[in-house]
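Two complexes come next, and they have one chain in common, chain A, joined by chain B in the first and chain C in the second.
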Partner chain A sequence: MLYIAKRLAFYVLAAFVAITVNFFLPRLTPGDPASTIVATYSTTLNEESLAALRQAYGLTDDPLFQQYLTYLGNILRGDFGRSLSNFPAQVSDIIAAGIGWSVLLGLTSVLLSFVIGSALGALAAWRRGGIFDRVAPPVLLFLGSFPYFFLALLLFYFFCFKLKWFPMGNAYSSVNPPPFTLSGIGDVLYHLIAPAFTVVLVSLGPWTLNMRNAMIGVLSEDYLTLAEAKGLKPRRVLFSHAVRTALLPNVTALGAAIGGVFSGQLLTEIVFTYPGLGYSLMRAVSAVDYPLMQALFLIITLSVLAANFIVDTLYVLLDPRVRAGQGA
Partner chain B sequence: MHRHTSLKKSPWHLSRSLRALALAGLAGVAALSAPLPAMAEVPLDQLVRIVAEGGNSFTRTFNPFSPTARWVSTRTMYEPTMIQNYATGQLDPWLATGYEWSADALTLTLTLRDDVKWSDGEAFSADDVAFTFNLMKDNPGLIGPAAGAFGQYLSAVEAVDAKTVKFTFSTAYTPGLYAIVDQFIVPEHVWKDVADPVTFENSEPVGTGPFTTIDAFGTDRYQVTQNPNYWQPLNIEGVFVQGFNGNDQVSAAVLSGNIDWGGLVPDPDTTFVALDPEHFGYWWPRTSVVMLLANTTDGALGDTTVRKAMSLALDRQRMINTGVWGKSVPGNATGLPEGPFKDWIDPAVVEAGASWVNIDPDAANKMLDDAGYARGADGIRVDKEGQPMAYDIIVPSGWNDWVSASQIVAENLADIGINVTLRTTTADSWTNSTFTGQFDLSLGTAQRTATPFEFYRNNMATSSVQPVGTASPNNQQRYGDPAVDELLAKFAASTDATEQKAIIAELEGMFNEAAPAIPLYEQPDWGLYNTTRFTGFPNAENAYAPLSLQMTNGPLLVWPKLERRAE
Partner chain C sequence: MSFYETFGKIRRQALGSVPVLVGVVILVILVGSTALARWIAPYNPTRATGGINEFPSWAHPFGTTGQGQDVLSQFLYGGQNTLWIAFTIAVLTTLLALIVALTSAYFRGWVDDVLTLVTNVFLVIPSLPLIVVLAAFLTPGPATMIMVLTITGWAFGARLFRSQALSLREREFIAAAEDVGERRWRIVAIELLPNMGSVVAAYFVNQVIFAITAQASLEFLGLGDGGQVTWGSMLFWAQNTSALIRGAWWTFVVPGMAIALTAFSLALINNAVDELGNPRLRADRLLRKAGFRKPSASLMTPVKRDA
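On to the complex of A and B.
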């Protein structure tokens, strides 16, 4: 358990560093939130409004360090303040409006690419040198090397705009959020297909290739020869012995990928007009919206740290070498 | 999109934790996505679908004193007392029926309509108007057309009786009329109990406007329906606002016929109108001028001769053809757009100004040669300090019409020995550089205003010049002439239209002399409409109001004129 305590201390330190960087980094870039708002939203505001906006938004000339202490205090109390680019909305309200959809789209697409990619990789390695092995990995890598924006826009154009198989946007049909019923969930899933599919399509390649390569390594191990020699059925050898071991690197990657879910699927949100936090983050950065930026960066860093901590902790349970203190 | 970077070799079991993660995620989504039961929404086919707001993660913020609150706050919910109509050039009566100046221009009296009610049924009165202005006086953080009025010229606002409001001025300032009548009015009976009006989210708005009922509200769209007590007859149920994240998606929605009003498609004659000439239309009236701004704090760029020579080298028609599909006209030497200011523009100035706004690169070269800006060995001219005349022109990337105009500026100026490099930046960085005067060349437009007063103040008055490094939206080129300040003061003290016109003509002449900014072409106000379901949109044949959704005072004029087409 000393190992977990050490890791925990490391993560607390990392979180503190991240919180600090979140504060200083946005403020190091040149820019003035009030000017940006005047320039973006109004053609009639003048210098007086500019000064008034600064005052209203609490943009003070206090020393940066003093502002930093105030910020730390607010973070500890869970007070993220009000967004400047959606003034006077609370940052927490904006995040609450988008986070569910980010998580839904992110988790669905990451888990689907993981499951499908690993299955395809295992299949390719099992029939190594076969037709499937020769065709699938290069095709998937080819798709993955497309710029995502281009591929998504192409699919949007054909399947949503021309053929109208899928909706041209939104996460559900009604304006108010859908009811939590079978038809409501179905509606949400229907809107999820096109955006999730494009993400899966471009990210499938690495999952497949990594799984295939790990499988090939495992298949040449002595214990698999032993398993076959014992007379086990090929299916049993494949699933219980080969896949189980070969999947481990992909599982580690899954931890990292899930941590990245909150950074949002910005391009997917743009192309499929899907709600989520990615677009909010882009707008926050372009509008120099410090409070919203800080809160979003905090969510991203904390979720990456949390996902990694879970992986680290599971190592202890699953890998005897870590328990013995050799490190991961 | 996810790219995993490195794969560490590390064995552990997956199924249990994976399932737990997935379940936790789905439970979270379910909890967040279903906080409300489905309500009876007004059917979408009864609502005008518009493109007005970008983005998603919408929150219920309807504070009309915040420029970043929901779009409807200042376009369907709250109303001003009068509306400056940029399509007709008239000041249309709205909550007020008219105004009157005292002879000394120190008192302005507004007479209000007596048939207006707030959406909650309470009567609208002069007290609400006086309250709104005094609220802004007590809370300088409230942003609106009249923000800052008390600091500059207004001393008191009071209700004389239920339908008369008196504005007392501390100094004669007749252009203040437009700022005052443009101000959105809020109900005293609601806002007097608000602890901090600046941070008030106003999620249950009470207004005098046509659509004040939030019928349905989702994460990236909402619909707002009729105010039961609206003071004008309405023929439509309300509006539906969809947030978009990208221009291509707006185009796709517009071309699919999913939008009734708004949006922008390139080259609309071919890409849009041709799809359904009977219903699809656009109208791009022009109410401001795109100008090339040269930072006059730079040595050579501060020289009028250099700016005029640069102007002579520019091919404005090419900018219009490439940037806005030919839908504009070159700017004239007064700097004013012809449409809204036709009564103010002095034809003599326009005629005299042809000598520096019409293309003539040979004359430009001669001017620079004569003024002593000789070409160096590389063909680039050198300024009086011996530095090569090489400048950056900055524009935001993605503003395609401006980027293409800037490219043409760079090409044209190369012909007269001035080396210009186009640098596209983020909109934020561009704003920061231009507001603080830290740039060589840039593009800009003027605010839309009722008279040319603000244009000359914001481009030529010393009062609008801030030192380099101090942010200001106006006079980015930092040109100031004390004689302009004097003329503007005379204008502001006058209530006589003839006298005001004479002063503006004089200012036009000074603009023509000094070229503080270089007019390029008139900027179209983008506007598209689709009459499949709704009719009555303003257009060139029926120019009763602007079509642009971005103006705060255009849509209010349009709502009462729209009608649902019979099925």
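On to the complex of A and C.
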């Protein structure tokens, strides 16, 4: 329990750092972007919205510390201000529309690549020196060298544009999100395949190689020789003795990977015009919409922190040593 | 094992194994050709010298872009920009990570606690959104690129080097040095640092890969300097001129493959460096050479694991 409390305190601290960076960045960078933004938009916006914009940025005459407190309060209430590119729209509404799709794509691809990668790694180590063990590592290394968005471009070109196997973007066929029926879910899954496949393909390598190396370590332990000597069936030795232990480093890596996969996924979404947060991020960048950009940074960071916390909790369930308080 | 011995071993192993050789050959060709861009590039990379999205031909071996520029010339000049920026970022992040880790190892106590906490916070905050926000507030250009990616890219190295330094500290020769009365900075600089050679080398190679990919990602998002030709900006323009839907695959396959091949060759080289640090992976190869097809668990040499 102490371990979980410690981790929670750490993530709260990390979230606090991210929020603080977000607050000071527009105020401290040379050229004072916050004032520049207000100045840029002063010709296109009316007096009322300009005042709203100023307030959203906390560009009041209050002292900096006062502004900071107001900002913290706004964040806690989920008020991220208004989008500049889509003016009166609330930034939080734009994000709410995209986050579900990002989480769907992210969860699907992280879980798939974790399961497939670990299985392949275990197989490679079990059949050590076999054809698969020799071919898989370099192939996966090569795929892992592709930047996410480049593999996305290639797959999009072949499967969506040339072969027309998968749709050219979006998350569903109709104008509005489909109803929660069998055909509606099928439609969403059909649109999910190509972008999820991209993310899985790029992120598969580390899972496989880490699992393989961990398995090789575990396979040389005495207790495995004992299990073999006891006459246990190979399948039993593999699953309940070797894989279970070798999986731990991969579970630890799961937390760290979520951030990385999410970053790569954002770019994949752009290529497939998948309506998640990555797509919003690109729109924010090209329209120089600072409030939206900053809010996306915060939301994505907070989601990744939450995911990490969940993984830590999961780890306690898997590793008895941490429960006993030796780890952490 | 001293620093130079480590590199001697790398060379011996590298020459004996084909994958590493493949990596070195690809890397030399890529770095060599881009370094000679000024002399071998057929055209000015930013000027329109042909039709729009022309299929590869004798005049334009890699085709032309949506703005009529020569893709081969862009590839050569762009590689130059991409690679020196990536190299600089790799050097800076490795140095920063080493400084943080060795400061931790030198002062120990609360300094170590604080630095570890800062490192962990940097590790857990997802990099791409942070990079995007940082880059968006600064004027685009190589200096911004280098600064932003250095700030966001050092943390994993600091953690890696710190744990390496901590495990080295438990060894007898450090205890001996302490008993002899060597000063602490001397132990860190003369005893610890040289022994971290292979880890630092592997990390550095990884950082070059990180820098190339992260740089390309930022430029692809449109946060690079639009006027400068790099592999990432080539991809940005390919996406922006809808090269995909017009079927001009050469405009994104060339820079994309350049990035992927550079990263792949570095990863191959890195794997060899990795085997040096992990005797089990090495033992595997030796056993295979000796004729064991599937080494049984008991044949493997047990290795003392570092805490």
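As a working rule, the second predicted complex is superposed on the first by the 244 of 328 C-alpha atoms of A that agree within 3 Å, B and C clash if a C-alpha of one lies under 4 Å from a C-alpha of the other, contacts with A are read in each partner's own complex, and residues count from 1 in each chain.
The working rule: a contact is a pair of C-beta atoms (placed from the backbone, for glycine too) under 8 Å apart; a residue touches a chain by one contact, two chains touch by 3 or more.
Everything numeric in this text was worked out from a predicted model, so none of it was measured.
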Touched partner set for A:286, first chain B, second chain C, both or neither: both
Touched partner set for A:138, first chain B, second chain C, both or neither: second
Touching partner for A:189 - first (chain B), second (chain C), both, neither: neither
Chain B versus chain C as contact partner of A:161, first or second or both or neither: both
Touched partner set for A:4, first chain B, second chain C, both or neither: neither
Partner chain(s) touched by A:220 [first = chain B, second = chain C, both, neither]: second
First, second, both or neither for A:153, with chain B first and chain C second: both
Touching partner for A:267 - first (chain B), second (chain C), both, neither: both
Chain touching more of chain A, residue-wise (chain B, chain C): B
Which of chain B and chain C A:12 touches, first, second, both or neither: neither
Set of chain A residues, in rising order, touched by both chain B and chain C: 30, 148, 153, 156-157, 161, 256, 260, 267, 270-271, 286, 288
Residue ranges of chain C in contact with chain A within the complex: 19, 117, 120-121, 123-130, 132-134, 136-138, 209, 213, 216-217, 220-223, 235, 238-239, 244-245, 247, 249, 252-253, 256, 259-264, 267-268, 271, 278, 280-281, 284, 288, 293-295, 297-298, 300, 302
Chain B residues touching chain A - in the complex, by the definition given at the top: 1-5, 7-14, 17-18, 21-22, 25-26, 28-39, 41, 54-59, 61, 63, 66-69, 140-143, 145, 147-148, 151-152, 182, 198-201, 215-223, 240, 242-246, 248-249, 252-253, 256, 258, 426-429, 431-432, 435, 447-449, 464, 466, 471-474, 550-552
Residues of chain A defined as touching chain B within the complex: 30-32, 34-53, 55-56, 82, 84-90, 93-101, 103-104, 107, 109-111, 113, 148, 153, 156-157, 160-161, 168-172, 174-180, 184, 188, 199, 202-203, 206, 210, 245, 247-254, 256-258, 260, 265, 267-277, 279-280, 283, 286-288, 310, 314-315, 317-319, 328
Chain C contact footprint on chain A (complex, rising order): 10-11, 13-14, 17-18, 21-22, 25-26, 29-30, 33, 127-129, 137-138, 141-142, 144-150, 153-154, 156-157, 161, 213, 216-217, 219-221, 224-225, 228, 255-256, 259-260, 262-264, 266-267, 270-271, 281-282, 285-286, 288, 290, 293-294, 296-297, 300-301, 304-305, 308
